[in-house]
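Input: one structure, supplied below.
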Amino acid sequence: MTHAKKLMMRMKIKNELARQCLGEIIGTFVLLLFGCSGAAQVKTGRDMKGQFLSANLSFAVGVMSAMYLCMGVSGAHLNPAVSLSFCVLGDLPWKKLLPYSLSQVLGAYLASAVVFVMYYDAIMNYGGGVLTVFGPNETASIFATYPTEGVSLQTNIFDQVVGTATLLLCILPLNDKRNRPAPEALLPPIVATVVLGIAMSMSSNCGGAINPARDLGPRLFTLTAGWGVEVFTCFDYFFWVPLVAPLVGAVLGSFFYQVFIQWHLPELEPENNETKQTWYQRYHNKLVVHKLVKLVVSLLS
Amino acid sequence: MTHAKKLMMRMKIKNELARQCLGEIIGTFVLLLFGCSGAAQVKTGRDMKGQFLSANLSFAVGVMSAMYLCMGVSGAHLNPAVSLSFCVLGDLPWKKLLPYSLSQVLGAYLASAVVFVMYYDAIMNYGGGVLTVFGPNETASIFATYPTEGVSLQTNIFDQVVGTATLLLCILPLNDKRNRPAPEALLPPIVATVVLGIAMSMSSNCGGAINPARDLGPRLFTLTAGWGVEVFTCFDYFFWVPLVAPLVGAVLGSFFYQVFIQWHLPELEPENNETKQTWYQRYHNKLVVHKLVKLVVSLLS
Amino acid sequence: MTHAKKLMMRMKIKNELARQCLGEIIGTFVLLLFGCSGAAQVKTGRDMKGQFLSANLSFAVGVMSAMYLCMGVSGAHLNPAVSLSFCVLGDLPWKKLLPYSLSQVLGAYLASAVVFVMYYDAIMNYGGGVLTVFGPNETASIFATYPTEGVSLQTNIFDQVVGTATLLLCILPLNDKRNRPAPEALLPPIVATVVLGIAMSMSSNCGGAINPARDLGPRLFTLTAGWGVEVFTCFDYFFWVPLVAPLVGAVLGSFFYQVFIQWHLPELEPENNETKQTWYQRYHNKLVVHKLVKLVVSLLS
Amino acid sequence: MTHAKKLMMRMKIKNELARQCLGEIIGTFVLLLFGCSGAAQVKTGRDMKGQFLSANLSFAVGVMSAMYLCMGVSGAHLNPAVSLSFCVLGDLPWKKLLPYSLSQVLGAYLASAVVFVMYYDAIMNYGGGVLTVFGPNETASIFATYPTEGVSLQTNIFDQVVGTATLLLCILPLNDKRNRPAPEALLPPIVATVVLGIAMSMSSNCGGAINPARDLGPRLFTLTAGWGVEVFTCFDYFFWVPLVAPLVGAVLGSFFYQVFIQWHLPELEPENNETKQTWYQRYHNKLVVHKLVKLVVSLLS
C-alpha cells in the first residue's frame, strides 16, 4: 500500500451524512454552474451567443450532469423541495433535511461565485460597470430569479407552487416499479427533459426557480458580490416566494401522484433480492398521505 | 395497519374503468399543462422567453411526462383519436370510448384553467385587458387551435387528417414486436419526438391539434372563462375540424400501417410467458381491416 | 377463419422484393412527409412558425420515424446512395438496386404531392399565386434542393460528396459489432441525430440533399405540379449534382470507414446462434475494397 | 482467400499505437468536420441557415459521431486534455501522450482543410474576397477560437480552466461502476450533451475550445490557408490560452471528481470475468492523487 493509497484511506469520509452533504454540494454546484453561466452567456451576449432556449437547455444539461455525478453518493436531490418531499415520504430522515438543504444552498453559492469570476468582464461591460437589479442593464437575473413587471404576488406564488408540483408529479413515476418506469441508467436525461419542459413553459412570470437552493444561493452571492440588499428587498421582498412556494408545491405534487395514480396501480409481486437501492425507490412503498397525517397529528399533539 | 393505510385501502378505486378514466384525466392534464403554458409563455413573452420551437418542445415534454405518468394505469391514450383507433382495432372495448374521451376532454379543460390562473396577469397585459379571438392581441390561440388566414376549410380538414394519420402510422411500429420496436421503457420520449415532428411540420395551417380532446377541452374553457362564443363560431365554425378530422385520420393511419407494413412482416415465433401487457401490444395480433369490415357489417345490418 | 383474415392472407405479398419495395416506398414517404412539410411550414410561415433549425429537426424526426416503420421490412435504406453502398458491400443484390431506388423516388414523389395539397393555400399566398423557382417568393426549395447564389458547381459537387461520405462514415460504426455499436433498438434516433448534424452543418451551399431520391422525387413532382421545366434547367442543370455526387460520396465514405477503422478492429469471437438479422449487420464481414476490386475487374473484363 | 482479402490482411496495421493514432485522426477529423462546417454555415449564412445554437448542436453531433467511430480503436479521447488526464490517471502510457495529441491536431487540421474547400465560395463571399481575423467580415473564428473584445487574459484563462474541468468532472462519473453509470452504448450521446451544455454556457468569452487540438489544428490550417500570422499574433498572442489552460483544467477536474465524489463511493464487489474493456473503465480503480503525487515526486527527484 502506497502513501497515496494510505492518504486516500485516511481522508475517506467515514460519516455518511458528511459524504451525502459533500455530494449535494458538488451536485448543486454543477447544476448552477451550467445554469447561471448559460444565463450569463445569453444575457451578456445580447442574444447573439444563444437565446432563451439555450439558457433553458443549459439548466437541463446541468440537471443531467449533476444527477450522474452525485446519485451514487447522496441521491441527487439538488433541491430542498425534493428533499422535503422525501422527508414527508419517509425516505429521508427529518434530521437530514437541514444539512441537505444547506449543502444545496452552499453549492449554488459557490457556483455563482465561479460564474461571477468567469463572466466578470462581460457583466461589467453589459452593465456599464454597475451591478444593478433594475433596468435594461440589470444583471442580477443571471443569478437569482426576479418577477416580471405586471405580475402580481399571488400569481407568482401560484406559478411556483404549480411548477414544483409539476416537477414532482412528473419525476415520481419515472422510477415507480408499479408504474412503467424509465430505464434507471437514463433517469438523469429524462428528469432533465422534465426540467427543460418546466423552464420553457413556466418560467415567464418569475423565472421558474422551482428550487429554493437554486434561488437563495445565487441571491446570497449577489448580495455579497456588490448588487446590494436590493436583491432581497426588490419587488416588495419577492425573494421569499421561490423559497417557500416550491416547498408547498413539491409536497402537493407528491400527494397528487399518490392519490390520483399510485394508489390505483396494480400491486407488484414481492421481490426478495433487491440489491441496488435507487434514489427514491424505497419511497414507493410508502404513502405521502400516511406521512402527512402522521405529521399533522404530531404537530397537533 | 394504521389509519392512513386503512384510508388508502378504502379509497383505492376498485372499478377498473374509473381508475383508467382517472389516469386519462391526469395524463391529459399534464400534457395540456405543459402545452398550453408553453404556448402562453411564448405568446405573452412576445418571443423573448422562447420562440415557436419552445412551444413545440413544451408539448413534446408534456407527451413524454404524461405517458410515464399514466401508462401503467390507462395506457396513456391522451387522445380520443388514439382511443378510437384502439376500439376499431379491438384493443379497447367500444363502451370505454366515450368515458375515455370525456376524461381526456376534462383533463384538458382542467389544465387550461390552471394555465389561465397562472398566466392571468400576462394574458391581461398582452391583450390590453381584453380576452379576444381576433387581431394582434388575441390570446385564444394559447388554448385551442385556430386556422391561419387564407387557408381554406378543405385544406384544414386535409391537414388534420394527414397529421393524425402520420401520428398513428409512426407510433404503431414503435411497439410492434414483428417489426423492429423501440425499447418499451423509452416509448414516451420517442412518441414525444414524433409529436414534436408533427408540431414542427404540420401546425402551420390550423395549429396542429391532431387530438380532439387537446382542442375541445381548452376551447370549452375559453368559452367559460370570458372569450365568449366566438371561440366556437369564429372562422365559420372551424371548431369541428379538429374534433372530427383527427378521428378519421387516426383510423386511416392505422389502416395504412396494417396494409402497407404489418401484413407483410414475418410471423413471430409464439411466446408463451408474456407477463407484462404493453399499452398497445395486444393490438398487433389483430387486424384493423378485419375490425373495419366487421364494423361496417354491423353498421349496415 | 373469418373473411377479413382470409382477405389478409390472400393479399399478403408473397414476393420478397415487392414487400421490400413497398417498405421503401412507405418509409421514404414518411421521411419526405416530415421533411418537406417542415420546410413548407418554415418558409410559408416566414420564420414565425419555426426557423431553419425546425426544418432540420423535422427531417431528423422523419428519418427516425421512417426507420422504425420499415426496418423490419426492407432495412430502411431510404436513400439510393445507401442502397448502392450495400450493393457494393455485397449486402444487397445488384438486381435490387434499381427497384429499391425507384421505390424511394416514388415514395418521395408521393410525399411531395401530399405536402403540396396540405400547403397549397400557404404556398399560393406566399408566392402571390405563382409557383416559381427564382426570387424572394420562390417555393420550389420547399421540395427539391437548389444551390445558393455565388457557389460554384465544383463546390456543390464537393459538398454533396463530403456530406454523403460523412453520413456513411458515421452510420456504419453504429451497428458494427467489432466496434462499439449503439443499442440496436435506438439506431433510428441516433441515425436521425447524424442526419440532423449534416443538415445543420452541410446544407448551406446547395440544400444538403445527400440522397438522390429525396431530391429527384420532389423535383419530379414540382415539374408536374406547375413549377415547370425550370426545376431541372435552373442553375445550369444543377439537378444532376444531388443525383450523382451522393452516390460517389456514399461509396467513398464506406471505403474510408473500412480502410481507416474497420480493418484495424480486433476480431470478434465467432457466434453461432445469431437469429435476428440487423439492417446492415451482414455487411461487416465483407470488404468494400474486395467488392470494389471485383467490380472494377468485372467492368474491365 | 482472394486477392482483396490478402491485400487487407497485409495492410492491417500491426502496431497498436499506429492503429490508435489512426483512430484519433479519423475521430478528431469527424468532430471538427461537423464543428467547423456548422460554424461556417451559421456565420456565412448570416444566421439565416441556423443560429448560434445550431453551431453548438453541430459540435455535439460531431462528438457523438466521432465517439461511435473510434471508441473501439483508440478510446475516442479526441482531446489532448483528456489524453493527459488519462496519462496522469495511469490509463494511457505517458509515451503515448505526444502521438495521441499530434494525431488529434492532425485530424483537426485535415477537417479544417475539407471545410475550407467546402465553404470556399461562401467564405470568400462573406469576407469580400479577403481572409481576415478582425472586423465584421472576419472568418477566422469559423476555425479557431478568438476572445471577445473587452475580456481580459486572466478571465479567458479562468474560462478555459473551468470549462475543461467541468468537462472532466461531468464525463468521469458516466462510466464509473461505483457511481451510477450511464449505459455504455449510450455514452456518445450523453458525453455530446455535456459538450453541448459547455458550448451553450461557457463559449461566450473566448469560444469555448476546451480542447487544444480542436483549436491548434484549425489555427495552423488558417495560418497556411491565407489568414496569415495574425491568427497567432492577434489579441496579444491569445492562441496559447486554449492550448495550455484546458490541460490544467482537465487534470483539475479529474482531481475534483476523485476527491469530492469517487473517494467516498461504496466499494464494488470484485468481479472476475470482465471481458469487455470500456474506454476509461480501468481508470476508476486508480487514484489521480496517487499519480499526481508520484508525478511530482518523479519531477522533483
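For reference, chains read A, B, C and D in written order, and residue numbers begin at 1 within each chain.
Simple rule for what comes next: contacts are C-beta pairs under 8 Å (C-beta built on N, C-alpha and C of every residue); 3 or more make two chains touch, one makes a residue touch a chain.
Keep in mind it's a predicted model, so treat the numbers as computed, not measured.
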{"item": "Chain C against chain B, contact positions shared by both copies (same if over half, else different)", "value": "different"}
{"item": "Relative to chain C, chain with the most remote C-alpha centre", "value": "A"}
{"item": "Between chain C and chain D, centroid-to-centroid distance (C-alpha), Å", "value": "30"}
{"item": "Chain A residues counted as touching two or more neighbouring chains", "value": "51, 53, 183, 186"}
{"item": "Listing of all chain pairs that touch each other, if any do", "value": "A-B, A-D, B-C, C-D"}
{"item": "Touching residues (chain side chain D, partner chain C) in the complex", "value": "2-5, 7-8, 11-13, 19, 22-23, 25-26, 30, 33-35, 37-38, 40-41, 44-45, 48-51, 53-55, 57-58, 61-62, 64-65, 68-73, 114, 117-122, 125, 183-186, 188-189"}
{"item": "Chain C partner contacts - residues on chain B that touch it in the complex", "value": "51-53, 56, 148, 150-152, 155, 158-159, 162, 166, 169-170, 173-174, 176, 178-183, 186, 190, 193-194, 196-197, 200-205, 256-257, 259-261, 263-266, 287, 289-291, 293-294"}
